[in-house]
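Before anything else, here is the set of structures, which you'll find just below.
Each of the next two complexes has chain A plus one other chain: chain B in the first, chain C in the second.
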Partner chain A sequence: MAQAAPQTGALEPPSTATPFQFPGYYSFPPFFTAQPNLVTRAAQHQKWSLLIQAYCRHNRIFVLSLIDALNSPLFHNAALNRRLSLNDAREVLNWMASEPGGNRAEWIGGTGKAKTGAEKVWVYWRRPEEWASVLEGWVDGTGQKGSVLTLWELVEGEATASQEFHGMDMDLLQKSLQVLVKRGKAQIFGQEDSLGVKFF
Partner chain B sequence: MGQASSKKITAQDDAILSMKIQRDKLQQYQKKIKHVTARETEVAKECLRRGDKKKALVALRRKKYQESLLAKTDAQLEQLEILVNDVEFARVQKDVMYGLQQGTSVLKQIHREMGGVEGVEKLLADNEEARLYQKEVNDLLAGRMSNQDEDEVEDELEALEREMNPIKDEPISHPELPDAPAQEPERRESQKERWERRAREQREQREPQEPLLA
Partner chain C sequence: MFLHQIDLTTALRPYLLPGEALIFVQDGVGLYEGKYKIPQYQNGHAYLTSHRVCYVDNEDPRQNAVGVDLKDVEKTEFYAGFLKSSGKVTLTPAANKRGSMQPRGQSPQIATGAGRRESSSHSVAPSPAPRTSATWVCVICTFSNLIPQGFDPASANSRTYLPPCESCGIKPELIHVVKAAIQAYRQSAASSDQSNDVQSPSSNTKKQTTKIICPRCTFANHLSMRQCEICDTSLATAPDPRLDLTRHEIRAASPGPALVNLSLNDESIKCIKLSFRVGGEKVFFERINTAMQQRKWLLHGAPPIPQPNEQSANGDNSSASDQKVRKLVGIAGLELREQTQRKNNELIIGNAFEDLEALITSAKDIIALAESFSSTAKADGSVSAEADSLVSQSVSQSLGLITTKDMLGSDSLYISELSRNLAEFLTDDTKGVLKKEGGIISLVDLWSVFNQARNGVELVSPVDFEHAARMWEQLKLPVRLRRFKSGLLVVQGSDRTDEKTIASIMSWLKDLHEFPPEEPVPWDWRTYGRGVTVQETAVRFGWSMGVTTEELEMAEEKGVLCRDQGLDGIRFWENFITEDPPQV
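For the complex of A and B:
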């Protein structure tokens, strides 16, 4: 199952030019129904997690809106006329957000442990600490240690157009930079809507 | 790791940031204008399709105006970028200057510790004096040793050497006799030759030092 390993392509920046190649199990009808057997269910969660990560990586989605996603090809296989129900999708994302799911997702908002009512979710095809390493590597590789960069130019500037973090969600960028700040590798400063960062 | 002191945001950083933010804003503004001009073109096309030439003309005029704004912002952007680059370069220069300053002061301090040129000259003179003195002592000691004493020393050395390499003397017990030596065996020096050799050696020993003293 070569397509079930999206992590291997981590080094190439994702392209939106080509349509996303769905894995083989996407055409398997039972995949869209929560499996009663616990072992099968765990495997199903794993596969969904990989699919969601690969899909978001390909389309550079950082925040998934649950309601919109239900009607997108991700959760809705039009060819099979099958879709994942809201509850099942929620369960998959809950699993991704959990420890066994590798903390590959995080709900935005919502109340309680089940995060009921949350409609948007971070999909961490790279976790903030992984993004931090990518950012640090880029700053290192381009010799920009000690210089001041605006957050906007990090994700929208021409210099980063070929980078994976180009077009990244601003909040996620800040989360990732906070990791570097904690490590003493960066400092964020400036006004609320015009933030800059200095790397060390 | 307690390096916070060297990692502070300075007023310069703030100034650079505000310049860069300004640059970002210009770039965002340009994006917006490009979007607007594209839309005006669409509007003009739409008006022409409906046969409303007047409205199409207005739309194109608006587009033209936006394009002139774009050109202006381009110039401003360029200026801003030059300024940012200049500031960053000046910072690098400052760092280089600081480095040079540090190096120079260290070099000066080391020189001071060495005591200047006079100190070095004095040290060299002292050094030569000491060596001359040592040579004198050597000569005195060598002169006191009589030739007979030296004979005894050398004999002892020979005896020791024989003792340490006894195998050479053993081939007598060997069943096959060795060939007769092809060369004439080394003759033992006569006493006179020995004295002459020693005098020569001592001279040679002393001579190589001479050029150093000069």
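For the complex of A and C:
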């Protein structure tokens, strides 16, 4: 298992120009072992959380598939021949999804207790509320208040190619727009596959 | 110098002279010089050895440890104790040792509370002045008023000023106060005359360590109170327990008179009394008499007991062979000498094992012989030489200070003496039990080594052993028992704390930043150093594997180390997860 090829992970988009610069602690072997000391463990979780967020941000990953991520460079340091085990990775993500972890993750379709390995998790390197603000700022900045945009336009359109939310997961986008709707800053209408949004 | 200062071992027991053997130990003992209590020598252990009687104080053993050589003792007396007065053993020095002393029987030195000072060679502190605690009870309101300072019932008359009752303000009748004063004087005089009364002061001192008991209403006041909170009685007579810290300040706390200070060089010591407050005086007395009859101290330095073969050699032809020995040289001479040596050994062993009595008297020879045998065996290259030597060494060394159950009055005393015995065993530099084990040894290992050292005699049961080990802390001995997370019990020097252990591990790990690892490693070893396995650590510090695991996990628990579970096992690293590594 340790010999598994590190680059099989489908998560690294080939489009990324520069490879992700891992932090120093990524090459500290004990970082990949679950620490029994609770204080140390908390610090470990914190560092993992930061690493996962930075990694996902760099690679524009919105949804992390646990089983695939295990073999990606994120959880597997091939140079050290160390990897985070499935259980430990799940624990880290659970911690990220929890209150002390800052709700930086959310399991898709449940709490991740189903140990099928097929669990997926939203990694909130920006939380939906933060995304909402970003979207609002963009709409404000480009003077599109009052205009109607389709969701597809928002994430895939050429106009947003330089924005952080370009290529965003559709469900996450909806979550973020819901926040704006609640704030009374937007309105969503339309059918399943042709949703539009109007910003106020 | 009848009474003299003695040396103590690390475990605060008397340091025995060569050839000296421990006979009996008793705790809860106080010392008297003649009739007077010797302050600071009122609660301690009495050790009876074949040569001496030693007193070691519980509170300040290093300071207050004295001994009396049995050779200086002329006679011993026994006092069985009566009511509150404890049993005592009196040791009277031999006549020549008190040459400068006044003849006995002349002017018995009694100091009572009334302030009669003796013109004796030592200054005697009067027992607490009675008037401070003397009270008269108001007939109107039954309030206990203090009898005024300077009130003398003998000279008091109708014109003597009497303060009114503090509670109701009614003036008392003179006769009433005089009666009360006389009664109080009589009581105090009676109690100080009975200087044997030791029960009350000893219990008194115990209480005073935490509270001051009001002499009038018995309310337990806080230490800092100068007056009783309930009845306003002055508490000044009770010695301030804080003053115990300053050893020079001495106050008589008991109704019995006490010496103001004890001069060890005082030639005029009349007799020394040991007061046995928790019993044991009878056994002590029996054993001391036996010891005095045996006069073992004469043996030390005396010529060895004539060898039986020498005696037999006087008559017959062996004397001729003796002469031959001197003449013969070369191989024949060596052989002959070997032969006589063997014959000699044979005799010693033969005699020694004839009966138990003989074995006891010739124990020394037998041990010497056993040692020479073991050294020969070692020279032959036999295995486990180290273990053997440890055993034989400790036999000869610990023989004198072995604690056995029959030496001691009670079971609890046995445990505490065993505890001291163990501490001595551990800290003995010549044996170096702790040092050999890297300063830490598991209790089970120690138990086995200790029982081996006792050589099959008076083995200690595991239960007693554990109890004894648990007493170290209480007895303030220089070793300590430690329980690891897993429940493993280990023994360490008490100066070796967790912090020190961690510091030594950390300094080692820090060194690993400086020296490159043997094989190239994928991480930056200048920043992170290197992880160490349990085995490496065990070798490095000379600990056993179990102990090492526990120590490393202890350090991990404290957040100093963290672990790395690799395919080749667990390695421990400096904790760079919680703390960022130093920038190189």
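As a working rule, the second predicted complex is superposed on the first by the 176 of 200 C-alpha atoms of A that agree within 3 Å, B and C clash if a C-alpha of one lies under 4 Å from a C-alpha of the other, contacts with A are read in each partner's own complex, and residues count from 1 in each chain.
By our rule, contacts are C-beta pairs under 8 Å (C-beta built on N, C-alpha and C of every residue); 3 or more make two chains touch, one makes a residue touch a chain.
Note that the structure is a prediction, hence the values are computed from the model and not measured.
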Requested in this report: Report for A:36: first if it touches chain B alone, second if chain C alone, otherwise both or neither.
Outcome: second
Query raised in the report: Looking at the overlay, what does A:152 touch: chain B (first), chain C (second), both, or neither?
Result: first
Query raised in the report: In the superposed arrangement, which partner chain does A:187 touch: chain B (first), chain C (second), both, or neither?
Result: first
Query raised in the report: Given the touch rule stated above, what does A:19 touch, chain B (first), chain C (second), both, or neither?
Result: neither
Report task. Figure out whether A:143 sits in contact with chain B (first) or chain C (second), or with both, or with neither. Result -> neither
Query raised in the report: chain B or chain C: which reaches more residues on chain A?
Result: C
**Report entry** chain A residues touching chain B - in the complex, by the definition given at the top
**Finding:** 147-150, 152-153, 156-157, 184, 187, 189-190, 194, 196, 198, 200
Query raised in the report: What residues of chain A sit close enough to touch chain C in their complex?
Result: 2, 24-25, 27-37, 39-40, 43-44, 47, 79-82
Report summary line: So, in the complex, the side of chain C touching chain A is made of residues 522-524, 527-528, 531, 556-557, 559, 562-567, 571, 573, 575-578, 581
Query raised in the report: Quick one: in the complex, what on chain B touches chain A?
Result: 1, 3-4, 7, 9, 13-14, 16-18, 20-21, 23-24, 27-28, 88
